[in-house]
Amino acid sequence: MGGELKTASGGMTGVRSGVGSELAERAAGLLAGGEVRMFLGYGAGRTPLRVRPRHVLRPEAAGGLVWNEFCAPSLAKYLLEEQEEEGRVGVLVKACDLRAVKRLVADRRVERERVLLVGVGCPGVVDAGKVEALLARAVPGEMVEEAGVRDGVLVVQTRSGVREFPREEYLLERCLHCEDPNPRDVDLFVGPEVAPWPARPHDYAEVAEVAALGAAERAAYWDRQFARCLRCFACRNVCPACSCRECCFDVWEPMWLPREVSVSEQYMFHFTRAFHVAGRCVDCGECERVCPVGIPLMKLNRALQKEIAELFGVERPWEPQEKEPLAMYTPDDPDFH
Amino acid sequence: MPVNEPHGAAQAAAPGGATAGARPGTAEWEPRIIGFCCNWCSYAGADLAGTSRLEYPPTVRVIRVPCSGRVNPQFIVRAFQKGADGVLVAGCHPGDCHYSTGNYFTRRRLQVARRFLEYLGIDPRRLRITWISASEGQKFADTVREMTEEVRALGPNRVMRDELWAAN
Amino acid sequence: MKYAYFPGCSLSGTAREYERSTRAVARVLGLELEEIPDWSCCGATSAHATDKLLSLALPARSLARADEMGLDVVAPCAACFNRLRTTVHAVRSDRKVRQEVEEVLGQPYAACSDAYALPDVIVNRHGLDNIVPHLKKSLGGLKVACYYGCLLVRPSAVTAFDDPEDPQTMDRLVRALGGEPVVWPAKTECCGASLSITRTRVVWQLAAQILTAAQKAGAEAIVVACPFCQSNLDMRQVQAQKWSGRRWNIPVYYFTQLLGVALGLPPGELGLESHFVDPLGVLRQKALV
Amino acid sequence: MKRIGVFLCHCGSNIAGTVDIDRLQEAVRRMPGVVYVEQNKYTCSEPGQEQIRKGIKEHRLDRVVVAACSPRMHENTFRRTVESAGLNPYLLEIANVREHCSWVHKDREEATAKAVDLVRRAVAKVVFNRPLQKARIPVEKRALVIGGGIAGIQAALDIADAGHEVWLVEKEPSIGGRMAQLDKTFPTLDCSLCILTPKMVDVAQHPNIRLLTYSQVENVGGYVGNFEVTIRKRARSVDESKCTGCGSCWAKCPHKVPSEFDLGLGQRKVIYVPFPQAVPNKPVIDREHCVYFKTGKCRVCERFCPAGAIDFTQEDELITERFGAIVAATGFDLFDHARYGEYGAGQDPDIISGLHFERLVNASGPTEGKIKRPSDGKVPRSVAFITCVGSRDDHKGISYCSRVCCMYTAKHAILLSEKVPGCRSYVFYMDMRTPGKGYEEFYKRSQEMGTQYVRGRVARIYREGDHLVVQGEDTLLGRKVLVEADMVVLATGITPRRDAGELARTLGISYDQYAFFNEAHPKLRPVETNTAGIYLAGACQGPKDIPDAVAQASGAAAKVTAMFSKDTLTADPLIATVNEAICSGCLWCKPICPYRAIDEKIITERVRGRTVSRRVATVNAGLCQGCGACTVACRDGAMNLLGFSNEQVLAEVEALCR
Amino acid sequence: MSKAVLHLSEGTEPGFLREVEQEAGTRVSLCYQCGKCAASCPVSFVMDLEPYQVMRLVQLGARDEVLRSRTIWLCASCTACSERCPREVDVAATMDALRALARRSGYRPAEAQVALFHGIFLDNVRDTGRLHELGLMVRYKLRSGDLFSDLDVGLPMMRHGKLKPTPHRIRGVEQLRVLFARVRAREAAAVRQSTGADRESEAAAGGRPEKGGEGR
C-alpha cells in the first residue's frame, strides 16, 4: 500500500496510491463506456481515519474514489435501492463485501446480472471506532490531522504528536478471521492480489465466554448490553441478510415490536433480529461495527451459527448455503428427548 | 454449552409472598405456562385427557394452532416477555404430521430457538417441545405435570421482565 | 474371565459333587472362580415365603462383598442365582427398595455387580469355541434330556438367561460334547423343590412325570444345573419308583460332570461316586470311563 | 369497536360442575369489546343455538365467542348457527372450558380462574377474526379403492353403480382378499367363494371399474378432490389383452413352489393364478422363482401359450392419475403364533392357525377339502381348537379382542364334525362372544353337534409320540384337564397388514399403536379419516367380520358418492394469504410448503409516478391446507394465515399472560 | 372351595384387595379368571383353591377364606403362572404376599409343616450364616414329629458324605443377627399399622381367627 504519510489523507487532490488510481481509471472507463450507469466506491471521510461511500455518476467525478486501509464499510446494502433504477451498477467489493452481495443475490433481492463486481485485495481495514476510542483516552479532545498505514503500522498525527498502533490493535475484529483477502469470481479485479495472513479460526471463542456463565449471569450480561440499545436500527440497515422490503419492526399491525423502550422489548428486538438472520448471516461484522453503543451483536450471530453448525452439521455457516439451514429438514434431525 | 442453573438456585430468592411473577390475589405463586398445541395431534391428545378425566395442574393455557410448524419463535419470546414462566409446544410425532412435514420444521427451528434463548439466559427447561399423538392423553397430562414441577422448582421467570429493569 | 464365586449352602452338602465338578471344569477351562469372602445364605424359598425385604437383604449381603471385589457373580445353584438376580434387579429398578435394603443391611449396596448362572457363564459368556479345543472324549451320541427346571429360566424378565419356554443353552453344550439332546416336553416343569422335605409325596409325583417324559423321549441320561432338581430326580428316583411302581433308572448328572467327563477328567474328581442312580454304567457303555 | 357476544355453556354439570359460571360471567362482562354475556345449560342444543341467534340479532353482535367443549366437537355446529343468524361463520371463536378445564381440574377456584383466562384468550382472538368465504375447488369425479378384498370390491361396485369411474388397485395377482381363502362363512355356512365370485366377476365386467391387480400405490399427492396418485403396475410377464386364461401355461410349467394362497400347505406353479376362481383369470410369472429369469433357459410357458401372451420383457409400469377420493380397504393379517413358546412356537406342523384350517377344509384347497394332518396326512381322530391366541394378551400378544375368532372357531368345529364324523373336537375358550345376528344360535348348533367346550386358557401344548397333549384348566370345574389331540388349531387374532403403517404415511392418514388406521370419530364418523377425501372400509380400520366390512364399504362408498354429487367442493378458507404490499419477493416461504401451494408472480404498480413491476409470492387456494409453516419463514410477516394470523396469536399470547 | 354363601356386602373386606396389591406389588384386580395359571401350576392337584380362585377371593375381599387356605402354603414359587399370565399379574408374588399377611394377622398356617420348615430354615441361617442341611433335617423332624420319612435316603446320603456334620459359622454372624432383628422390627410395625385396619374389619367379619400357630 505505502504512500507517504501526507498523501494518505486522501484529500480531494491528493496523489493517488497505486491501486487508488487504477480504480479511478477503471471506474471512469466503465462509466464512459456506459457499461454501468453508476459506480459505487469510497470517497474521503469526515476524518482521515474514515471514508464515505461515494456514488459516481460521471466519468470525470471518478477521481474522487479512494482505496486505503480505512475503507471498512460494506457497500453491498446500497445495491438494494439501486435495484429500483434501470441499468447496471458497478461496485467495489472486498472479500467480506462479496459474501454480502452473494447473500443479497441468494435472497433474490439483487439480481446478479445488474451488478458489476469490481474486486480488490484487502490488506485488512482499520477499526476507526476502536482507534478513536484509544486516542480519546490518550489525548482527549485532539482531532486527527493525518493518518496512514506504513509497513503494517497505523501512524496517526494529532496536535500533540504522532502515535503508532500495531496491526493487531488497529485491525477490525473480522479481519483477524479473514482466510482469503482476495474476492474470487468477481467481474473485474483491480490491483495486486494480497498475501493472506494467519487467520484466527472460527472457534466461536467469544460465544463460549458468555455461554460459560451461569444462567442468571448470562441474563444479567445481556440486560446490561441491551440496556444501552437506542433502537436506532443501524444494525438492521447495514445487514445484507436484513433485506426485507418492509421490516417487521416497522409494521404497525401486528405490533411485533412495540415502540416502548424497555428491557423486555429490547430482548424482543435483539432476539428477532438475530433469529431472522440465523442460517443466513455471512459474519461480515458490519452490525457490530456500526453499533453506536458497541453492543456485541456478533456474539449473538455467532452463537446461532454455532448452534446451526452443531445441530445440522453445517461446516461453514457464514457462507451462503445452497439450501437455507432453517428452510429445510432431514428426517433424522436431532430430536427433543 | 451454557451451564444451566441447578433447580431454582440461581433464580434469586424462592418465590414466597407476592413476587414479581405472582398472580394478583394468589398467596403462593403458581407457574403460568402457555401451551401451543397442534390441532390434529396434541390438541386432540389434550381433549382425550379431558374425556378420560385425567387430572393435571391448571398451570397450562392452550393456544390451538393448525400445526406445530405454525409456532413462530417470536410468539415464544412474546410469551416470556408478557409474563409466562414456561412455554410448551406440542406437535405430532415426526413422520405422523397431518401436513406431512410441518413438525420437521418445528423440530429444526425450535431446537435452535431453544438453545438461543438459553444463551440469552432463559433456562431451557422453561421451553419444552414434545410430540403427543391424538391417542396419548396420558402423555399430555404427564407432560403438564412434569413441566409444572420443573418450572415451579425454577421459580418465576426473571428474564425479559420490566420489573427487573425498574428494580436496578 | 474372572468371577466372584457364590457356591451356595447345598454345594458343601447334598450337592457336593456339583461343587467338585464345577471346580475341576473351571480349572481346565481357565475360568477363575474367586469365592466371595464370608458369603452367607441367599435365603432360597424360605426367605421370600416369609418376608419380601428379608429375601432381598440376605443376598444383598454377599452381593455387596462382590461389589467390593469388582467382579460379576456366578452361582452354580439355580435357586441362589434366582435370588441374587432378583435382588440386583429390584435394587436397580426401585430407589425405595434400595434404601430399605441398605437400612436393614447396615451398609451401602449399589448393585454394581451382575449375577449369572453357571451354565450361562460356561456356555454363553465363556463360549463353546473355548471349550471344544479342550475336549478329550465324545459322548458318542449319548441321548441326554436337558432339564432346566423353573428357577433358572423364570421369571424371564429377571433371570434373562434363556427362552423361558424352550431353553437351549445346555442342549447346545451337549451337542458340542458329541451327545444328542432329546426333544422332550418337561424341560422347564417344576420338580417341587421347596416341598421335597415337607410334602415329599408331591415331589414323587412331579419327579415321576418328569422321569416318564424323559424316558418316553428315549433319554439315556438327564442333565441338570440345580441341586434341588438333581436331588429330587436322582435321590428320590428310587423312592418315586417304589411309590409309583414305574422303572426309569435314568442317571441324573450335573452338566459340569458330563462336561468334566468329556474333558477327560477321572470320575473321582467329578464326584460321580455319590449318585443314587448308578451314573457310571451308561458312561462305561460309551467308553467314557 | 367490536360488539362481541359471549355464550357460556353449562354442558349440564360437565362444565358448571367445576367452573363457577356466574363468577365467569362477571369477569367476561368486563372484558374489552364484550357487549353481551349469557349462560345456557346446553348451548349446542336447539334452544341453546336459538338463544345465540336471538342474541346476535337483538344486540347487533359482530363477533361471537362460545365457551363450551372442544372446537373439534362443535366448531362447525356453532359456525352454522352464527351463519343462520346472518353473521359470517368465521367471526366465531370457541373457548375450550370443558376438555381443557372443567374435566381435568377439580379445584373450583383454580378451574374458574383458568376458564376466565381461556375465554379472555378467545375474546382477544375474535377481535382480529375477519369474514371469510369458503373457496371452491374442483372435484375429480374418479375414485381410487386400495385393496381388492370384499370391502374393496363392495366399495368399488357401489361407487361404480352410482355412475362414477373407480380404479381398484390390488397387490395380489387376483382380487378376493382373505375371504377367497375361506371355505364357509358363519353364521349361514354359505360357501365363501360362491357368494364372493359373482361380485368379483361384476367388478371385472363393470364398465366404470378399472381393475389393476398385481399393483401397488407408490405415492399420493394433492388433497381432497384433487389427489395425484402414482400406481406401480408390476410386470406380470403376461400380456393381459392376449391371454384367454386357458391355463395350458400353468399346466405345463415344470416348476413348483409353496403357494402363499395356501399358506405353504400346498404348491403352485411358477406361472400361476392364486386360485381357480381368480379374477382376472390371467396368470403371473413369479420372477423370483422362474428359471428363465435366473438362467435364461426353460420358456416352456411361452412355447405352450396358444395366444402368444407370454412376454418376458414386460417392465413395471408407473401410472399417475388424478382422483377425487380414496377408499383404503387393505384388510388384515393374522397374529403370528410363533410368539407363543408354550404353543410350540410355530415349529410343530400339526399346530396350525385358523386360516390354515380353512385351506385344509376348502374343496379347492391343497387337500381337496379332506381334513388331513399336515405332518403325516392322517385324518385326525381328535382336534383341539384354542381361541384368544394373541388376542386379549397384554404380555405376549395384543390387548384387544379380535371379534371373529369365537365364531370362526365354532364354524371350524361344525365343519370338522360334518367332514370327519366321530372326530372329537374340543374348544378351549375364555368367553364365547356371539354378538351378531344368528351368532348365538350358531354357537348352540356347534354344541349340539358334540363340540366339547372347555372354559379355560391353555397353559401349554407338547408333542408326545404321534399326538399332541393340550394342558389346560376347566375353570368352571376348578380342575386341570389334559386333551390328547392329533391336531391343534389356534384361533390367532387379527392384526393390520404388516405394511399398513407405510401405506398410512403415504396416504397422510394417522394410525393407532397397532397400525390400524384411525377413523375420524370412533362412534360418529367410522368410515372417514381426519384427512378429507380419504375413507376407510373393512378390517384395516379394526377387527371386524364380513357383514360389518361390507356395511362399512357401502358407508364409505356413500361418502364418496356424496362428495361426487357436487362439481366443486367448498374448501376450508383458513389458508395462507400474502400481503403483497409488504412482500419482498424473496420466496423464503416457497421451499417450506409441503403441498407446493406457493408460487411467484410479477405484479406491476405505480411507484412515485412510474410503473414498476416486481416479484411477489402467491398462494394457490386449492392446494394450501392451512398448516402455516410458511408464515414463520416469512420474516416480515407478509405471509399470514387466515384464522390463525400473527395478530390473533400474538393477541392470544398477551391475553393469556396477563 | 367353601360352599358357604359369600355375603359380598358384609362378609368381605374391600380393603383386602388393595392391601394384597400393595404387599405383592402387582395389580390382582386385572385377573380375568382365564385359568392359564392353574393350567400351568405343577402342584395345583394338591391345592384346595386353584390359583385363579385365590385371585378371585382376593378381588372379592374374602380375607379369612384366602388366609386360611392350603394353597398359599403349597405354592412352590416356580413362577410358571406369573410368566404366562396374559394380564401380567404376578401370581407367585401374590402367594408370597398372602403368606406374609397370614402370618402377620396371626392366622394358623393350613400347612403347618411347610411354615415350620421355613421358620427352622431361617433360624438356622440366622444363627450360623449358612444353612446346615443336617441341622435343618434333624430339628424339622423333632419339631414336626415326622421322624421316620426319608430314613431310606438319609443313610446313603451319610455314606456319600452328603450330610456335612458340622455347620459352617461365618464371621459376619452379628450382621445377620442385626439384619433379622431389623426385618422383625419392620414387620412388627407393619402389623401394628395393619391391625388398626384389622379392628374395623374385625367388627365387620365378627370373630377373630384363634391365636397360636408355629409361624415365626
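Which chain is which? They are A, B, C, D and E, in the order written, and residues in each are numbered from 1.
As a working rule, a contact is a pair of C-beta atoms (placed from the backbone, for glycine too) under 8 Å apart; a residue touches a chain by one contact, two chains touch by 3 or more.
Given the structure is predicted, the values throughout are model-derived calculations rather than measurements.
J.: Determine the shortest chain-contact distance, in steps, between subunit A and subunit E.
T.: When the steps are counted carefully, the minimum from subunit A to subunit E is 2.
J.: Return the chains shared as contacts by subunit C and subunit E, ordered by label.
T.: Expected: D.
J.: Comparing the two chain pairs, does D-E have more C-beta contacts than C-D, or is it the other way round?
T.: D-E
J.: How many Å are there between the centre of subunit B and the centre of subunit E, using C-alpha atoms for each centre?
T.: Roughly 51 Å separates the two chain centres.
J.: Can you work out the whole-Å distance between the CA centroids of subunit B and subunit C?
T.: Centre-to-centre distance between subunit B and subunit C: 55 Å.
J.: Taking the mean of the CA coordinates per chain, how far is subunit B from subunit D in Å?
T.: One centre to the other, that is 34 Å.
J.: Send over the residues of subunit D in touch with two or more other chains.
T.: Those would be 342, 460, 592, 633, 646, 650.
J.: Two or more other chains in contact with one residue: find those residues in subunit E.
T.: Residue numbers touching two or more other chains: 45, 80.
J.: Among the residues of subunit B, pick out those that touch two or more other chains and give their numbers.
T.: 73, 78, 82, 95, 101, 105, 109
J.: According to the definition of touch, which chains form touching pairs?
T.: After working through each pair, the chains in contact turn out to be A-B, A-D, B-D, C-D, C-E, D-E.
J.: Using the touch rule from the top, collect the residues of subunit D that touch subunit C in their complex.
T.: Those in contact with subunit C are residues 340-342, 345, 460, 462-465, 469.
J.: Per the contact definition, I'd like the list of subunit B residues that touch subunit D in the complex.
T.: Residues of subunit B touching subunit D: 23, 32, 34, 39-41, 43-44, 46-47, 49-51, 53-58, 61-67, 69-73, 75, 78-79, 82-84, 92, 95-96, 98-102, 105, 109, 133-135, 141.
J.: Show me the residue ranges of subunit B that touch subunit A in the complex, using the header's touch definition.
T.: Subunit B residues touching subunit A: 1-5, 10-12, 73-74, 77-78, 81-82, 94-95, 101, 104-105, 107-109, 111-113, 115-123, 128-131, 158-162, 164-165.
J.: Within the complex, which stretch of subunit C touches subunit E?
T.: 9-10, 12-14, 16, 38-41, 43-54, 57-58, 61, 100, 103-107, 150-151, 154-156, 164, 188-190, 192-195, 197-200, 202, 205-206, 235-236, 238-239, 273-276
J.: Give the list of subunit C residues in touch with subunit D in this complex.
T.: 163-166, 183, 185, 213, 216
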